[in-house]
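In the part that follows, the structures are each spelled out as C-alpha cells.
Both of the next two complexes hold subunit A, though its partner changes from subunit B to subunit C.
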Partner chain A sequence: MRSKINIYLIEYAINSLLRQKYKSFFITVVLTALIFLLSSLFFITNSIKYELQSTVNSLPEIVVQKVKAGRHYDIDVNAIDDILTITGVSSAVARVWGYYYFENAGVNFSIVGIDEYEQQYKNSLIHVAKKLDFNSGSSMFIGTGVKKVMNKNYYQEYFNFIKPDGTLKKVDISGVFNGDTELESNDVIVMSKENVREIFDIEEEKATDIVVKVANENEIATIASKIKLMYPDTRVITKDDLKISYQNIFDYKSGIFLALFVVSLFTFFIIIYDKASGLSSEEKKEIGILKAIGWRVDDVLKEKFYEGFIISFFSYMSGIVLALAFVYIFNAPLLQNIFTGYSQLKTSFELPFVFDIQTLALIFFLSVPIYIAATIIPSWRSATLEADEVIR
Partner chain B sequence: MLKKSITIFAISLVFAITNLQAIGFTKSATIKPELFQEGAQKEWCPVCGMNLEAFYKTSHLSKIHNHKLRQYCSMRCLIVDMQEHDINIDEIEVVDALTQKFIKASSAFYVVGSDVKGTMSKVSKLAFAQKEAADDFNIEHGGEVVDFKTALKIAKESLSSDVAMVDNKKSKQVYPMGKKIFEKKCTKEIDINAYNQINELKADIKDKNLCSELKESELQALSLYLWEVKKYGDLKNSSDTINVSRDEKCPVCGMFVYKYPKWAAQIFYKESHLSFDGVKDMMKYYFEHKENISKMLVSDYYSQKAIDAKEAYYVIGSDVYGPMGDELIPFKSENEAKTFSMDHKGLKVLRFKDIKAKEVHKLDE
Partner chain C sequence: MIKLIDIVKKYEVNKNNIVTALKDINIEIKEGELVVLKGASGSGKSTILSLIAALSKPTSGEVIVGDNRVSKFPDNFASDFRRDNIGFVFQKYNLIPTLSVKENIILPLLPMNLHVKEIETKLERVLKMFHIEHKANQLVKNLSGGEQQRVAIARANINTPKIILADEPTANLDEKLSLHFIDMLKELKAEGKTIVVATHDPLFFGLDIVDKEIEIHQGVLS
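Right, the complex of A and B next:
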C-alpha cells in the first residue's frame, strides 16, 4: 500500500494558506484565543477541584462540635470516653485550634494544637509531631503564607501572640509546615496543645471540637446519629456534609465559569457557521480550476483537509501551551480571583498541576474536527459540481 | 430559739449550696490527701494505676490478708480486688466526699448516679458520712441515696460493661499512646515481670528515672501499655487487612475482588489461596470444597481488619448490602455483632459452625 500522504498536496495547502495571509492569520488568532480561554477555564476548575478533593479527603470522618444558643462552644474533653465506646469508632481526638487575628497585617492565622503522643488526625501533622520540640515549651511550625506575613513584619525567629488578658506569649518559629495541599497549609500555625490553650485561654478540660475516625465508611451515618443521641447539644458533621458544602461553594463559583464557557463556545460556532455556510466565489473558482486541470474530488478534499488541519491543530497546540503557561506558571491572574473569596492570606495559594487527558481530548474534539469539517463540507459541495459550472 | 436555729440552718444550707455551685464539684483532693499504702507506690491505685489524689473523693481503702492496706481510686477497682483477695467488707473505708476524711464504708451514705462523672465507671458513687450531706448533694447533682451494700451491688452489676468501656478506651487510645511514649522516652531496660502491681512499676519509672520526664497522664499511659500489653508481647500491627491482588476474581460470582476490599474474604490452602467478594460467596464455595483448607479469613465489618473466619460472629438478614446483595456480615466479637444487629435490623447472630448451606442460599432469594 502506498503512502496516503501526498507531500505536494501539503505544499499546496501551505501555499494556499500563505496566499490568504490575513484571513488565515485572523482565523488562527481567534481559534487560539478561544482554545486558550476554554482550556484555561478547564485547567483552573480541575486544579481547584483537585485541591478541594484532597482537602476533603484529608478531613476526618466525623467532627463533633458543641453548640450553645446556635453558636459554637468549647466541648468537654471527657466526651471522648463515651464516643470511644461506640462500636465502629476507631479513634477520637480532641482538637484545640482557632483563628488568631494579626492586626498589623489584617490577616487571620489558623493555629492548630497537637499532642506529641496522640494519634494525629491528619497525615501532614504526623511529620510535624515528630519534628516539633514539645519540651522547650514554645516552638511552632508555620505555613508558607504565614512565614511571608511574619517576615514582612520583622518577625524572623519568633512571634509574639497577644493573649486574651493582654499579656504576650512569645513562640519561636522552628520550621515551615508543609501540608498535603496549599489550601490547607498556607495560613496554618502548628504548636503544642498547651500553647494553643494558653494563647486562646481554653481550659484544660475543654477542646474546640472532637474528630472521630471510623474504619468502615458505611457506618459513618449510624455512628453520627449515635453521637447525636448521646450529646443532643452537639452538631455532628460527617465527611459527606462537608463534601456537600464544599461542593456547593464550588458549584456556585463554577456558574461564572459556565457563563464564560458558553460565550466562548457560541463565538466559536458563529465562526464555524460563517465558514460552513458557503465559500467565497474566489474559493469556488479555485476549486473549479483545480478540477479543470485534472484534480480529482478527493485530491481537492485532501488539500482542504490539510489546510483545515494545519490551522486548527496549530491553534489548538498554541492555545493549550499558552493556557498551561498562564495557569500554572503565572497562576492565572484575573481568572483565579473568581474562585478565591477567602481572607487576604488565603488567596495566595498556588494551583496544583493536574494533567487531565480527558479535558485536553474534550477541547481537541470541540475544536479541531469541527473546524476541519467546516472547511471540507463546503469545498466538497463545490468540488462535486462540474468544473465549468463553478468557474463560470 | 427553735426559729433561730432553723434560720441558721437555712442560711448555712443556702451557703453550702451556693458554695458548691461556685466552685463546682471536683473529684480530686482539695486538701492534702491521706495515702495509706507503703512505699513509693502509695500515690497510685494498685489495680488500675490511676493517681489517687486526682480521684480522691471516690477513693476506697481495704485490708487484704487482714493487715496490708490497699487504697483504690474507685469502688470499681475495689470490686476487682475483692474477686482476687479475701477482703472483709466491714473493714472497708471510704472518703467522705464532703469532709474528705476516711470513714467506715458500711455506715456511709452513697449518692449513686449523680451528674458527677464516675471513676472507671459510667455511674459515679460518692460517699457521705451524714445522711443530710448526701441528701443535699442529691438535690444539687441528682442521683439516688443508697447504703454501701446497694452501691456495691450496683457496681458489681455494671462491672462488665465498665470494664468494656475502659478496655475500649485503652485499646483505641491509651495503648498506642503508651507505645509511642515508650519508644521515644524510655531507653533503659524495664523488667516488667519484677513488679507485682502496676503502682510499683509506676513508682519505679518515676523515682528511678527509667524514662525521661513525664507528665502524670503520660506516665499512666506508659505504665498501662507496659503492664497490660508489653508484658504479654506487643501491640498487633493495625494495618493487617486482607490483601487482594488486582487479578483475583471471586470463583463463585466472577467479580474482581480488589474493587470491594471492605468485603474481602479468603480461603487458604497449602500453597494457593482463593479470594471472595463477601462471606456469602466464600461459604457457598466452602460447602462444596471443605478439604485441605489451612485457614480462612474474613474482614471484620467495623475495623476492616482480617480475622479468623471460624472465630468470627456473623449477622444474617441485616439491611447492609455487600457487592452481591444480602450478606453474612462478620464481626470479631459477639458484642459488636449484637450492636450491629440492633442498628441494622439483623435477624440473628451466628457462629461459623452454625451457618447452614440452606440459609446462605436463601440470602439470594
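Right, the complex of A and C next:
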C-alpha cells in the first residue's frame, strides 16, 4: 500500500507550492526562461547543421579557378577540353557567376549564370527553383532574401543592374526560390549566362570558374592534382576544402552560441546551488512537524520530490514548447541573425524543422533531475535530524 | 504501560558545553493513567515527553512503551510508532500556520494513503469532539490561541492514539480556557487513554482526575 502513488502527498506538494506562490512563480519563470534559451540554442544549432549538411552535399566535387598574383581571374573555357581528357572526370562545366553589390541596400547578391542544358548546374541548383526556364529572355530567379531587399527598394517586377560601363541592364523577376538549402540560396540570383556575362562584363570564351564532376569520390584528390599539374596557374578546390570552410563558419558562429549556453547553465547552477544550500527556518520547522506527527523520512522526501518534479517538469514543458514556437514558428528573431547572411545580406531564412529526441532528452536530464535533487537533498538533511531538534 | 529506566539525557551544545537535561530518571506510568509532570522551566519536562514519543533518544537508559523499546527504534520505526500510538500536543502547538484547520488536523493521515471517506469520518469525529467544526476551513494563523490549541488536540487525536502527551497545554490560555482544556482531558481519560501532561500550571495540581504527580527538579526526580 505504501508503494502506491499517494494522491494526498501530491496534493500536499501542490498546496505547498501554492502557499509559497511568489517563490514558486519566480523559480518557474526563471527555470522556464533558461530551458527556453537552452533549447532554442539547441534547436537552431541542429537546424543549421542540417542546413549546412544539405548545402555541402550539393557542392561540386572540384572547382578550378584561375589565379594570378594571388587573385582570382576569369578562366579560359578551353581548359574544359583538357580536363575532360583526364580519366575519372565525368563532366567539366564552365560557371559564370559573381557578387553584385547593391548600393542602395548595402548588400551583396550572388548572381549565378545558368544554362538549361548543362547538367552540372541542374544537379546543384534545380532543387532550389520551382522551374528553370529562361525562354522569356531577360529574366531571373531570386532567393527570398533578395526578393525582400528588392521589394523594399521599389523593385517589384524587375531590377536594374548597373554594368561596369555605367549603363543599366534591366532583368525581370520571374520567380522566387523555395529550396530547402535556404541558408545558401537566400542571397542568390539565377539568370542566363549571357545576362551574367553582360552584367559583369565577362568575355564569351571566359568563365568565372570550372566545375568538375568526378564519378568516384576516392579519385577526387588525384584528379585535382592532375588538373593542378596541367594548369599551374589555377587554384583547384575540392569538396573537402569547401566542407572545411563551411564548417569553419559554423564553428565560429557556434562559439557565440556556446557562450550563451554556458551563461544559461551557469545561471541554472546558481539557482540549484542556492536551493541546495539550505532551507528557510519555516521549511525546516515544517519538516520537523511532519516528522513529529508520524511522517517517515521517505514520506517527506516523496512530497519534496513531487514539489521539485511539478515545478521542473512544468518549466521543462513550457520552455520546450516556447522554444519550438520561437524557433520554428517565429523563426528565432534575434538569435538566428548570428548565423545567416553569408554575403552580408540582411535577410531571413526559414529554419528547417529537425526533431531530435536526443536533444530533448539532454535538456530534460540537464534540468529536471538536477532540480529535483536540489529540492530533495536539503530536505533530506532536515528530515534525518532528530525531529526534536528541528521543532524546538 | 510507559517505562523510563535509568534515563540520562545530555545535550552537546558544543565541545566544552554539555548540558545534562535528565539524570537517572525512572518513571512508570500504567495504562489509562493521567500523570502530571511538574517542575520549573528548564527542569527537563519536555525532554521526558520527547523521549516517550521517540522524538529523541536517551544518552543512556531505556524507554519502553507497551511492548516497544522505543529508545532503540530506527528512525522509520519511530515515525510509525508516533503515527500509530502517540498524540502529541506540543508546547507551541507546532501547527502549520498557512494551512487550514482541516488540513492541519489530517496531516498525520496523509502518508497512510487512506480512503477519502475514512479520512472524513476521522476528521468529523475530532472536529466535533474538540468543538472546532465552525473554523474547519480557516487558516490556522487567523485563529486565537485557544482555538489553535483545540486544533492541536484534534490533530493529536485524529489517529485515535492510546497515549496523549501534552506539553504546557495551558501556558497560553486564560483560566476559563484552561478549565475547558481540563474538561477535554477528562473526556480523553474516560476513553481510556494514557495521558502525560507536562506543566507548571497550579490548576492541575491536586485534580481528582490526576492519578500521579511526578516532580522533576533540574533533571532529577524529587
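In the analysis below, the second predicted complex is superposed on the first by the 354 of 392 C-alpha atoms of A that agree within 3 Å, B and C clash if a C-alpha of one lies under 4 Å from a C-alpha of the other, contacts with A are read in each partner's own complex, and residues count from 1 in each chain.
Convention: a residue touches a chain if its C-beta (ideal position, glycine included) is under 8 Å from a C-beta of that chain, and two chains touch if they have at least 3 such contacts.
Note that the coordinates shown come from a computational prediction; the quantities given were computed from them, not determined experimentally.
Annotation for subunit A, partner touching more residues between subunit B and subunit C: C. Residue contacts after overlaying the shared chain place A:W295 against subunit C, while subunit B stays out of touching range. Of the two partner chains, neither subunit B nor subunit C is touched by A:D233.
By the touch criterion defined above, A:E203 reaches neither subunit B nor subunit C. Overlaid on A, the two complexes show subunit B and subunit C touching no common residue of subunit A. Residue ranges on subunit A touching subunit B, taken from their complex, read 78, 80-81, 84-85, 87-92, 116-119, 215-219, 222. Residues of subunit C touching subunit A in their complex: 50, 53, 55-57, 75-76, 79-80, 82-84, 86, 88, 90, 94-96, 98-99, 103, 107-111, 113, 155, 159. The touching residues of subunit A, counted against subunit C in their complex, run 1-2, 4, 6-9, 12, 15, 19, 285-286, 288-299, 384, 386-389, 391. Of all residues in subunit B, those touching subunit A in their complex are 117, 164-165, 168-169, 172-173, 176-177, 180-181, 184, 218, 221, 262, 301-304, 320, 335-336, 339-340, 343-344.
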